[in-house]
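So, here come the structures, one by one.
Next, two complexes with chain A in common: one pairs it with chain B, the other with chain C.
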Partner chain A sequence: MMGDLQMRVTALHDEAAGIRRVRLEPVEGGLLPAFSGGAHVVVAMPDGDVTRRNPYSLCCDPEDRTGYEIAVARAAASRGGSAYIHERLAVGDVLTVGAPTNLFQPDWRAKKHILVAGGIGITPFVAMMAQFARAGLAFELHYAVRSRAAAAFAGVLQDRYGPRVKIYAADEGARLPLGALVQNQPLGTHLYTCGPERLMDAVLETARQAGWPEQALHSEHFMAPPPGDPFTVTLGRSGRDVAVAPDQSLLEALEAAGINPRYLCRGGVCGECATKVVELRGTILHGDHYLTPEERAESRTIMICMSRFSGDRLVLDL
Partner chain B sequence: MDTAYSATHRPETFRDETFRGDFSYANSPGNIRHFPFPFHEDHYRYSVNIEPHVPGLPGSAFEHLIDVDEHYLAEMADRAQVLAEDPLRYQALPHMMLAQWDTLELLMEEQARAYPHLFTLERNGDQWRWINRPLGIDDTFTFGDPSTLPREPLDYICRQTQGDIALMDQREGNLWMDAGMITAQADWSLDFDVGMNFHEWHAPVPLAPQMGVFDRALKYLLNLQVGKPVRRLNWTMTINPRLDTSPETYPKWGPDRTTVTPENVGQKVHLRVELQSLWRLPRSNGMLFVIRGYMMRMDEVVTVPKWGRRLPRVLESLPPELAEYKGLSRYRQTTIDWLKRHDDGAPTSPGIFPD
Partner chain C sequence: MQGATIRSRPVYPGLAIAPLARRHIFALEGEGAGALLDIAGDLTPEVLGRSQILYVARGSLGVGHHGALQTLGAAFWAAPTVQPLLGRLDVELSRSHMGTRLYLAGTEGFIGQAMQVAAAHGIDPASVITEHRGSRARRVQCVHCKGVTEGVTASPFTCGHCGLNLYVRDHYSRRLGAFQGVNIDAEEPGAVPPPEELYL
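Entry: the complex of A and B
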């Protein structure tokens, strides 16, 4: 991919139980592009014969142009990326990193920004808060964690931003006061949430019921591609068949076969990898957040980074 | 590639010329091949024609990503005059301040990199020094602190950059024109369009919406990445080399269209090309839209035989709706007739560059 950076791991740090922070600096030296809060990079990682490319939010100060930092939670059922970072990645290793892309940017018109994080969903907010603080914008962070020991960045964020950071640890019986949060906010407040789907759904639903306009609600739905049953896809232009393994995404299988489809986020959000379905005998298991319910039902398009297939024959315009 | 083209584009002197009054604007013979002729074939075809904005043919307008040429000083003087008469040609909504700084950085970096003999940017943390030799500027300021510059950052740098500039905010799956400096426009108005989204400001363009062109273009632009700018060429024609053909000043230039005669086509009729580049901005995730304009009168166009053959063929194939939208209807045929004298019917080579 054009614009990829070769970056060396210069520090590994266990930010909290099960969360590893990785600092990456450009092998060539020099300054990296600044980025915007909420941006992610796609990191390519070798995993046996496969190259995993996973999106991770940047969780450092966007004005620190000497390096980028990501933080990765150890996933219970990791397909490779998280296990690789926790078990095999070492200081000095070189990784290929794509240019920062932002699908979760702040609305700069907001009079106030309310950030609601759950667990590892804290990462995009670390960078956002650095920008808000520098620009003198009003913000507050509400951060739900299992325990303080599992709360990545909690200490450093409280040191930096004081009472604007509120932590709710489940093992202390604290819960996000969602109802209170969405009440009595100044006109022009925007709400952002990132974390487990259940938390994000609850945040957004509470706000909607309180009458918040859809334009003021923002969420980041990144997920790793789901594993599933193996299937075969046929490339319409060459007639070639490509097998997709249980722990491989369709996009990864195509890349392993030497096809290089367009992609950007690899998390089913940006729409870049939308691919035309030429023939379908079976069911597309849509795993993205991009297609509308109508488009899913029609299944004339598949988002190959996240979706799978079950049935006899799937032919794509590739 | 001949020698004229292998030379690197490195403007040393700037023409003393005007874009109003006596209209002394002209291209030096050496600058004619620098012009971004917009037609790559003999037939007109509407397309979005977006391509990566990467350095192109040495000596051409594509060599450097932000192009500076012999008209730099004259264009900056004309811009200052337009702004003095109509301050609303510069506007920036309050939420665009971060995008303003992004733009200042990008335009300073690109110009200093391409033309070190004209511009220098020294950075020491957030203490920056900017030297613009042609305009005699040497300023030190704090990046991120608007109070350390004589004007808002966008206002400051646009007065030192050729081309109109629009800044777009990205939100709600759309792009919003929320800032800009527009003083050399082909009949559109920032004051009218400011705050509009992509579909709203393109609404007047005929034919294209039905083709789904704008939906596709918007989808493409929303995923534009930092460090991977794209460009497209747009074109129209202007009578007399007037930069400021805005709706606000229509009474000054609209009547010029009635003054074209078979005798004065070569002098009066200008092909006007916009090299439009779009850049994702790093800190704001906004988008910078640079509309870099070039004008060349018909006398100059036909000094390149390939362009002299191709231009009348393209103008003949232009759909009437587009000729009307571009404001060419009154003088299109007169111009074609004049140009035809320079078209011997020989085939032309593909691509936009001279043979």
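Entry: the complex of A and C
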């Protein structure tokens, strides 16, 4: 992709049990493109004979233009990206990193920002809080974790921001007080959540039930493409067939075949990879958060980063 | 209601009660009272118990709706003119919390001014529920002297502040809550087409 950077791993650090922070600095030296809190980068990593490109939120201070930092949880059923970072990545390695993209922008008109994180969902907030604090904006972080040992960044955030950071450890019996969180907040408060889908759904639904307007609610879904049965896709322009393996997404299979479709999030939320369906005999297994139910039913468009196919023939406008 | 043909022009979809809101603040101007009275059927005792109505009678028809609004049974306050209403709205909003929804109905100039009060409290304009009622008269800011003229119904018109002949552009500034007025006879002073009544 345009704007790709060659970056060297300059530090690896275990932030918490099973969470590794990676610092990357440009091979060529110099200052990196600026980013704002909530931005992510797509990191390309070898995994067997395939290249995985995974999105990770930047979790460093946006003022630091000398390096980017990401934090990666060891996933139980890793598709490669996370296992690679935990088992094989070493200081000195060089990775291809895309330019930062922000699909989780804070609303700078807000009077107050409430951040609700679950587990590794803390990462975008680390960068956001650095900006909020510098700008003197009101914010609070509510951070749900399995245990304090598994709580990445908990110590440094508490040191930096004191009582504005609240941690709820499940093994201590603490739970996010969602109902109380959305009560008595001043007008102009915005709410942001990142973490497991169930946690985000609960946060957003609690706020909606308390009368919060959609415009004040923000969430970041980071989902890996689901595995599934293999299938074949036909490229309408060349007539070429491309096989999609069980643990490969349609987008990854196209990239492996030398085609470079557009993407930003690789997680089914941004809409960038929307691709026209030219012919369909079978069912598209929509896995995105982008298309409306009507668009899904019509299946004239497929989000190739997340969706799969089952049937006889799928021809795309590629 | 006016159409939304020009992109910078705001859209006013019409009043509808946000069912989950904990509190409702209605700021109504003139004929804007009708927007609320028309949905009186949706105003359950529960909604009314959580509502505050602020009203100013300056309507295009000059008819007050105090009585009809008062009989709805919600907390009601009538302002003598627009400025005190905006002042009271500011106070109400400063006491409010998330879960409060704001509803505005009246002329475009009124909605624009009230929207500015709301924006100062961090309320997203898209979350405010609006309905255009009454005169289509525009609030116009002269791009030359920056003076704002209220209730402009024709274009061109004479700026009430600097006296230039102004053509009313369709460009609407959310920040100012006003349309732009641009001098029309700069090249040839006095060459002004006859005013057309466009925004009655």
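Please note the rule applied: the second predicted complex is superposed on the first by the 318 of 318 C-alpha atoms of A that agree within 3 Å, B and C clash if a C-alpha of one lies under 4 Å from a C-alpha of the other, contacts with A are read in each partner's own complex, and residues count from 1 in each chain.
Everything that follows uses one rule, which is that contacts are C-beta pairs under 8 Å (C-beta built on N, C-alpha and C of every residue); 3 or more make two chains touch, one makes a residue touch a chain.
All values reported here derive from a predicted model rather than from experimental measurement.
Following the overlay on chain A, a clash is recorded for the pair chain B and chain C. In the superposition on chain A, A:182 makes contact with chain C only, while chain B stays out of contact range.
In the superposition on chain A, contact of A:109 is made with both chain B and chain C. Using the contact criterion defined above for the overlaid structures, shared-chain residue A:76 touches neither chain B nor chain C, since it reaches no partner. Touch criterion met: A:62 reaches chain B, while chain C stays clear of it. In the superposed model, A:215 makes contact with both chain B and chain C.
Once the two complexes are overlaid on the shared chain, A:90 sits clear of chain B and of chain C alike. With the shared chain A as the reference for superposition, chain C clashes with chain B in the stretch 199-207, and the other listed options (199-207, 271-279 or 325-333) are free of clashes.
Overlap of the chain B and chain C interfaces on chain A comprises residues 107, 109, 215. Chain B contributes residues 52, 95-99, 102, 144, 169-172, 219, 223, 225-228, 282-285 to its touches with chain A in the complex. Residue ranges of chain C in contact with chain A, taken from their complex: 18, 20-23, 93, 96-101, 119, 121-124, 126-127.
Per the touch definition, chain A reaches chain C in the complex via residues 107, 109-112, 182-189, 207-216.
Those residues of chain A that touch chain B in the complex are listed here as 2-3, 33-36, 38-39, 62-63, 99-102, 105, 107-109, 131, 134-135, 215, 264, 270-272.
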